[in-house]
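Take this structure first; my questions come after.
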Amino acid sequence: MAPTPTFALPPTFLALERPAADATKHIYGVPFDLGTSNRAGARFGPTAIRMASRMLCDGHHPGNWVDPLVLAVADAGDFTIALGDLTESLRLIEEQARSVPHLIALGGDHSITLPILRAVAARHGPVGLLHFDAHVDTWPDSIGQRYGHGSPFYHAINEGLIEPKRMVQIGIRSPMQREVYEWTRSRGVTIVPALSVHEEGVAAAAERARAVLGSGPVYLSFDIDALDPAFAPGTGTPEVGGLASWQAQAILRRLAGLAFIGMDVVEVAPPYDVAEITALAAATVVWEYLALSADGAG
Amino acid sequence: MAPTPTFALPPTFLALERPAADATKHIYGVPFDLGTSNRAGARFGPTAIRMASRMLCDGHHPGNWVDPLVLAVADAGDFTIALGDLTESLRLIEEQARSVPHLIALGGDHSITLPILRAVAARHGPVGLLHFDAHVDTWPDSIGQRYGHGSPFYHAINEGLIEPKRMVQIGIRSPMQREVYEWTRSRGVTIVPALSVHEEGVAAAAERARAVLGSGPVYLSFDIDALDPAFAPGTGTPEVGGLASWQAQAILRRLAGLAFIGMDVVEVAPPYDVAEITALAAATVVWEYLALSADGAG
Amino acid sequence: MAPTPTFALPPTFLALERPAADATKHIYGVPFDLGTSNRAGARFGPTAIRMASRMLCDGHHPGNWVDPLVLAVADAGDFTIALGDLTESLRLIEEQARSVPHLIALGGDHSITLPILRAVAARHGPVGLLHFDAHVDTWPDSIGQRYGHGSPFYHAINEGLIEPKRMVQIGIRSPMQREVYEWTRSRGVTIVPALSVHEEGVAAAAERARAVLGSGPVYLSFDIDALDPAFAPGTGTPEVGGLASWQAQAILRRLAGLAFIGMDVVEVAPPYDVAEITALAAATVVWEYLALSADGAG
Amino acid sequence: MAPTPTFALPPTFLALERPAADATKHIYGVPFDLGTSNRAGARFGPTAIRMASRMLCDGHHPGNWVDPLVLAVADAGDFTIALGDLTESLRLIEEQARSVPHLIALGGDHSITLPILRAVAARHGPVGLLHFDAHVDTWPDSIGQRYGHGSPFYHAINEGLIEPKRMVQIGIRSPMQREVYEWTRSRGVTIVPALSVHEEGVAAAAERARAVLGSGPVYLSFDIDALDPAFAPGTGTPEVGGLASWQAQAILRRLAGLAFIGMDVVEVAPPYDVAEITALAAATVVWEYLALSADGAG
Amino acid sequence: MAPTPTFALPPTFLALERPAADATKHIYGVPFDLGTSNRAGARFGPTAIRMASRMLCDGHHPGNWVDPLVLAVADAGDFTIALGDLTESLRLIEEQARSVPHLIALGGDHSITLPILRAVAARHGPVGLLHFDAHVDTWPDSIGQRYGHGSPFYHAINEGLIEPKRMVQIGIRSPMQREVYEWTRSRGVTIVPALSVHEEGVAAAAERARAVLGSGPVYLSFDIDALDPAFAPGTGTPEVGGLASWQAQAILRRLAGLAFIGMDVVEVAPPYDVAEITALAAATVVWEYLALSADGAG
Amino acid sequence: MAPTPTFALPPTFLALERPAADATKHIYGVPFDLGTSNRAGARFGPTAIRMASRMLCDGHHPGNWVDPLVLAVADAGDFTIALGDLTESLRLIEEQARSVPHLIALGGDHSITLPILRAVAARHGPVGLLHFDAHVDTWPDSIGQRYGHGSPFYHAINEGLIEPKRMVQIGIRSPMQREVYEWTRSRGVTIVPALSVHEEGVAAAAERARAVLGSGPVYLSFDIDALDPAFAPGTGTPEVGGLASWQAQAILRRLAGLAFIGMDVVEVAPPYDVAEITALAAATVVWEYLALSADGAG
């Protein structure tokens, strides 16, 4: 029988067909964007990331020659959310995340990370956080929204879900109130602005991240707007001056051996994407994570 | 001084600069789309409609030679809404609409019409409704949302805001549960499917509308998806087989003399638009309404 | 549990999850476009049509109040094709089609119809053909391609797969060699140009179709370029002056009771589409067919 | 040798390779849009129309079975224009047009028609005008521009280049100052609004045109915004409610036998086009004209 | 009252509502692109830059913790231009610029900088010029246009508006006649090609700029095509190999303390933009300038 | 006479009008994409590259002040290919390439390089290969296609057309089977991953290339997906983490003096491009090559 071309593969992540029961890591989509403050569309993120991921499904990872398909990972579908109801949706996301030992979430906007971290902390206790983003996302509220996409880490810190001293933010560059910045720093969070990555290099950024994250459990939250709009136009609140996708890859590959216990990639808004490049960037982040996990303690 | 080209006009509806205090009709944007069940983006509708409307601001209406600019209408800006909170937003919309004697609302998704009708009914009592749409919007709830964009007229009828026997729906064609259709008909609503307009003509449709609407106060709610996706691609829940924009114009022009007391145009989702054609269609509907009002009792 | 919003439904046709074994009609994608003579992209047609179809999955058909979901139809995935090899792909398509009693094919370019008709004729003998298209597709070869997308019906007639006297072509309008036109007519095929539909109306077109197709088995082949580029920009060889989507619907609904035994919708090229309107038009054609089949002998 | 696929044909109109010296009719591009009052881009019109026209180059016209390629027509390239200088450009266009016996001009914005008519009148005396447009284009000036794209026929009438009593405008629907309308009518011009075409039909419109144009020489000026934005989004000053492309075709085909002595198609603005549909519509207008000319006195 | 979401903010730069009379720096749009030699569209630049700027309006600048909103800056609307008339438009721009003490101009194409510099020099005498661009813009004429967008600095130098020895051009990379390059260098202008920035780094480029610009008054002219097309696709004459947006930011931030007396950002052509990324880049340049000005002598 | 603006230049590469007979280097388009495994569209590459190249046609190259127009190069049109037939098309390409002494091919997908190398080797014997790509393209077959776009160099090595020890691949980063990588390395091919270019710099990459390529004849094959999707979205099989266009330029400029004997640029898929940036990048690669050739032995 003829092999299947990319464009006809199953629309799952990496065209995975492994039953959920056979996996130790589970990919779920979280089609939700009510936490967004400007451009919507991340509700279509999971589908777009899966579609684009099929371009990556054939072959080993050229960094460490892992075949992501042989890892015990399954694409288990989407989480249920409540249309038009942010509070109930966050509750549903937490509830569903609680039953997943190692969750890889395809967002959705960044508000989904708070309920996921609640579930993660219930299993692992407070965790370290590797956070790629243009924004610190530690606003007490965002334009009146207490649990919107600008606030997940404000609450996660206050709720004790993450250890702020084991939290590093890479790619930061948006305008922000100085008080928000100072509060974040005062909790012990390490901030690596995008400009530091550009001027001091990826090795220095990775080294700082490794030093901060240490050997405890680490959760990766990757907001696609950490990348520059040139590399990720399909997002809701872009900021210029961001990372190139290779920089994100180069940092991640240097973090092999960390004890990753879950991840999300968020804020992919397909209506604003071009030729699927943002979705492909997000899919590649997950692919890098899978290769990393094969090396690490996860 | 050189006259101002279209592309440099003020970004208000028809480039209007009349102070709100000098007007008897007021245009407000309602940048809100949390009631949407599929594609979002109508939050950007008011801006897009205003921008496109500037192509219409110079000259008389060729149907009845009214100059819409001389009518006592002002663009008074946007209603305040509550980011991410449907319930509070609908409350705010109603509150603000209550103080506007003759409101022309630029949506926003169709969920905004319920609070507007509450305000309208508070002023006028139950009104007649001229409703252009692909969908009946009388679902008791839409995908779990009680006050989402599929339900405004279910509640409006139940709350006594409109007289269902003075309600006509033009352009209907979506799949729907037979019970929803029967409930709507059983209240006395007149349904003119899109296919009837195509096959029986615009004069027949207008005649039915005029017969139903009578001489009492009439509110116009124009969901842009009444138009075919060819004419209005920039919307959230398109349905093929819809009206051509000329058909909508031809029906509206035949309804001069009705006692219009307010209107909305909703569901323009600019991220899905092409060359501004959907926004221009929506702006044209308002322009037709202004010309109509000049003729009528409004 | 909260119901699932449109954007999170399974990416099957109408979000169908019925096992193939429980169905009497089967939907298959045919992701193939090597038969195209100009713009490619129909290889992505099946995915796009399925995605768009989810907007139609909730409710009865407003024409005859059938619920397409209760029909015994399943989405059984894609046919295997051979990348880059037209001959082998057509062979594979025929082979797979032979085992499907009632096939609903989502193309793919129009070259896929020949192998499908070979399979259909093997089961039913020569059939009647209801053919919507801008082109007659009876070229002996198209730009050197003997089995390209311009020739399926030349071969189907010559191979005795269809009864040309029970074949009607609706929407025809492209430039064509007069010899091709004369040959087609000389076989007994009835041609209803797009302009006839526009000027004489849908009832007349449907009547001619019904007269030609009679009571024997009928296969429907719907090339999306039968529609005007305004309604279906996402296609490979558009021609202006085409049908509005409502005209296609109005003709199809008048053909209830025919003995439909299979169908395809072809030539949807998503890279050229806008806001999914072409994919939605194609999905709607299949939805109309399902409703029709519920009425008819199929 | 293999025949050449559409996408590899020469980028001339209908892929014509006839030397200019062998032709009696000449196609020239006029890449000029300084007369535009809103969206620019018509400078790219000639290229886009030529590219799209290649989809029409193979076969007879299905209306009268003419092969446009056998007519003595050549694509002779572009007229020279002066970058950034409207006055000099119009002078250059006139100068070049004077040496072309039968000009088919691919615009460019509508300001190019005035210098072309000056050249036409120099050869033929005052001519009849068949004018498709959303706008009357008889403004004394447009937003301060005396010779902009809103004024060609004001000047053409005043300069005696056309016989206003032998001038018919089809598709008119934009807002306009009543004085402009009255002036135009008072000169004797026949105006057929778009709504008349929709409601009274193409046959009536064609009949009025034929009656007005009579047997003298006729120039065709086709502004692509005569078509509805659904059919022609790629233009600078769209107006909703316009013609379907089939309506334009149906009217033109009824005008066989008129003494056409030249034409232009203008206002195609490719940056706003979708899937080349506007360019294809414009190319089709020229193709219809060529078929017409074969029948007529031209 | 609920705070206003980004998408509903006033469409002014940074949503500014300060009256012009209360400001010492004034932002004006210059909706003009008749100086363009290839793709038009910069006439829509001011609107697009303002819209995108609203994403930046909330918070301090993370480089120096300035709040751009507290600076005495106002968005004072658009300059009047003369449609279709380059000469008169440049005259109008100069006239209006003369009355603005500290102008921040949102272009428009680069031809607008010459009249602005005439006004600047009238106030300050010859100034230093910090010029980001892919092109030197010192052509004596561009494709026949003496005052087109390729020539502003040729004239500015010849007219003594700028001190060429205090002029630095960063990002240069287009093809150019060697004579143009030599002439520019021979006047004393410092050219920093894009490739130098890439290979020698942003610190070296900033150092050269600072050395050249010295302590006198400095005008910033930022042609968005200094950025690579990946970062700024929405422009008229793109050149590959350009700056990343972070590089422009890193250079600008190193120039705090210079005596900036005005600026422009030009050549944003929204019809070619993607997801507003070019407009956002331009808005960010102005935001950087405002933060810089707070530090400096301006 | 006024000079011709960019947008009106002849649609040949750099608007060249030199007769083929007067040239020693010949540019041919190869409008062919049947070798593609995912997104099609490279059949439109030659046209798009030519159109975009016109932005580069005026002036000297700012690296070495060569005027590419004075080189003895001609744009000789397109190669004939056989629609829908990969085998015959590759045969035709080889046959035509054999008669071109120094070929510059505008692709088309990467499958075209094998027949070109057959022709090159027939003239020069086995050559060195400078290969920019995201993929090694040494798969024995790609998704069942023996001569698809993933395999040209597998066959070229096996057929002895290139000297693998004089072959360098720059930009490599896709997933690939470890066996494919090992096979490639085992033949002696030098692989410079994209990440090496990013982390070790362009000088190191160029040095390795120069060392490998030596003084013998060198063919350049530039797959546009060597660039990151941010810089080249318009391609069929993008991979994130790729080169910036300036990096490709910086490497190429360091390779002056090599004995280039031909080149191709492939995999430009215009349907996925944005504002022509991918086409412009491809045109720029050829422009760099022409400047290089002027310096070198070619």
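Chains here go by letter, A, B, C, D, E and F, matching the order in which they are written, and residues are numbered from 1 within each.
Just so we're on the same page, a contact is a pair of C-beta atoms (placed from the backbone, for glycine too) under 8 Å apart; a residue touches a chain by one contact, two chains touch by 3 or more.
Everything numeric here is computed off the predicted structure, so don't read it as measured data.
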| item | value |
| --- | --- |
| Chain F and chain D - chains in contact with each | C, E |
| Partner chains that chain B and chain F have in common | A, C, D, E |
| Longest centre-to-centre distance from chain E, chain (CA-based) | C |
| Of A-B and A-E, pair with higher C-beta contact tally | A-E |
| Computed distance of Cα centres, chain F from chain A, in Å | 36 |
| Whole-Å separation of chain centres (CA-atom averages), chain B against chain E | 41 |
| Of all residues in chain D, the ones touching two or more other chains | 2-5, 7, 37, 39, 43-44, 82-83, 143-144, 228, 230-231, 244, 272, 274 |
| Contact graph of the chains (line, ring, star, complete, other) | other |
| Every chain pair in contact, whichever chains are involved | A-B, A-C, A-E, A-F, B-C, B-D, B-E, C-D, C-F, D-E, D-F, E-F |
| For the chain A and chain B complex, residues of the former touching the latter | 33-35, 37, 39-41, 43-44, 82-86, 142-145, 148, 271-272 |
| In the complex with chain D, residue positions of chain F that touch it | 1-5, 7-8, 11, 29, 31, 43-44, 46-47, 51, 78, 80-83, 85, 88, 92 |
| Residue ranges of chain F touching chain A (in the complex, touch as defined) | 37-39, 143-144, 172-178, 180-181, 193-195, 198-199, 228-231, 233-234, 237-242, 244, 272-274 |
| Interface residues, chain D side, partner chain C - complex | 2-7, 55-62, 65, 202, 228, 230-231, 244-247, 249-250, 274-277, 280-281, 284, 287 |
